[in-house]
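Just dropping this structure here.
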Amino acid sequence: MQLQFAFDTDTAWADQLARESVGLPKLLGMRTTVIEPGHTACALEVRPELVSSYGMIHGGVVSALVDHVLGSVCYPVIEHGSWSATTGYTLNFLAPVRSGTMVADATIVSMSARTAVVRIDVSNDGRPVALAQGSATLMPPKRTEPH
Amino acid sequence: MQLQFAFDTDTAWADQLARESVGLPKLLGMRTTVIEPGHTACALEVRPELVSSYGMIHGGVVSALVDHVLGSVCYPVIEHGSWSATTGYTLNFLAPVRSGTMVADATIVSMSARTAVVRIDVSNDGRPVALAQGSATLMPPKRTEPH
Amino acid sequence: MQLQFAFDTDTAWADQLARESVGLPKLLGMRTTVIEPGHTACALEVRPELVSSYGMIHGGVVSALVDHVLGSVCYPVIEHGSWSATTGYTLNFLAPVRSGTMVADATIVSMSARTAVVRIDVSNDGRPVALAQGSATLMPPKRTEPH
Amino acid sequence: MQLQFAFDTDTAWADQLARESVGLPKLLGMRTTVIEPGHTACALEVRPELVSSYGMIHGGVVSALVDHVLGSVCYPVIEHGSWSATTGYTLNFLAPVRSGTMVADATIVSMSARTAVVRIDVSNDGRPVALAQGSATLMPPKRTEPH
């Protein structure tokens, strides 16, 4: 889907950096690596503290990354100050993750004034490990909170 | 769905405690509070470090809790040493979370030799905040890893 | 979730009957059997023409019934003349269906001015055969079409 | 994902034609138009009898088409005589359908001995109208029925 930036790219990067400097993104070490109209990518290093006693990453780390990019991909293409609140998504796990870098790629497939539908591919050092599809509710700047 | 414990409850609790003493469950502070045949509940305190700059918890924390209970609910009703690997799930967010305690309740709705289908309700101080449905693949003890 | 009828029950039944007298509901023989605030049930007889060469009903018949009740359950609790448009849903199949009657039970779990989140249980002569969860977008009477 | 036909293309087409000559596919007029390793497409004409009193196709018709291609895409790449049983899927509706031809394109994203994960795009005269993601359980020839 062809989309335009709703504001300048410097602002898009600054906003994303701010969102990743607090809360869960900071705790898990998520860092957005690509911001394009309708597409973002976010990476996460598999640190030992994220690994279970079986040597695999907890599925919740993958879920968290999916949730994060589903919201992130919407911001640069909606009016500055607007909200993107994840309404829900579906996630299929394809393979376990043990080490290396996970990357989640999010692409907006459909977008209206109120809703964006997004597909997400998660890979681990280039190997597909999860697949997701979800939607976000887009809210104008005046509202002070999502949902 | 009526299900029996596959092994004694002390073992079920010890196993769950072990799973929550490492990786993401430890990092986020997940602690299982109910283990019954076909049903578990897991709680998480909304610590300030999980909250975004907008004052709300990141959706990924809810996702992680959902993923965790989807696996946890299967262990006590499968043979000891078996694996439960989440194959996928769907999550709908109902309301934002700002503080207090989140609890995810998981119930097995259907179970065969290979698959369990599970429904999950997430509440925040008693208020419904998310709804999920997913499945887990059950694997016998001999296999040394899921997927 | 506690909900009230938005209009009288005779009107709710007449509207539902009208929706089931055309299109896919008529073709497949769907007939709503319960209309209560926040809950509806819809039945479908497994006629031979719905059965595959393997003797089982096509999954699409189950899907169609799920889609139908997800919309139907919203109408009686929104303003008369409003629209309910299914935004999406997830379906897990639990067991095959060969004959008899299928019943889909839909319950509204959460409802705001714009969105309803619904859970659906599908049974076949009392046996659970599918499980679904989805959402519908609610639109006021002035708009002349959904989506 | 690169996949090979598990048997010859004439057999693949004959099998698919047989599946579409009975049950729901026949009733709704589904006809597969593309069979390639890991990819199939299936078309459906929007006949007046599939249209609701609001002039739109029932969402269940879209659901049925999605369910159909999710199974169909697996057959040509599994051993002849094997089963593909849909385990579940998620569907997001993007736009209403009123007339013309609907086409569902299914692509296998991941495949193991037991499971295939599939993405599906549904279009209406070239316009995207729905998006789906699901999985199918693959069963060897000896078992006489799915699930």
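Note that the chains take the letters A, B, C and D in the order they are written out, and that residue 1 is the start of every chain.
Everything below uses one rule, namely that a contact is a pair of C-beta atoms (placed from the backbone, for glycine too) under 8 Å apart; a residue touches a chain by one contact, two chains touch by 3 or more.
What you see is a predicted model, and the numbers here were worked out from it, not measured in a lab.
Chain A and chain D touch with mostly matching residues; of the residue numbers seen at this interface, over half occur in both copies.
Of all chains, the one whose mean C-alpha position sits at the greatest distance from that of chain B is D. Between the Cα centres of chain B and chain D there is a gap of 32 Å. Chain A and chain D have Cα centroids lying 29 Å from one another. Averaging Cα coordinates per chain places chain A and chain B 22 Å apart.
The set of chain B residues touching two or more other chains comprises 87-88, 90, 92, 94-95, 135. Of all residues in chain D, only 87-88, 90, 115, 135 touch chain B in the complex they form. The part of chain D that touches chain C in the complex is made up of residues 18-19, 22-28, 49-68, 71, 85-96, 145-147. Here chain B touches chain C in the complex through residues 90, 92, 94-95, 109-110, 117, 119, 128, 131-133, 135, going by the rule given at the top.
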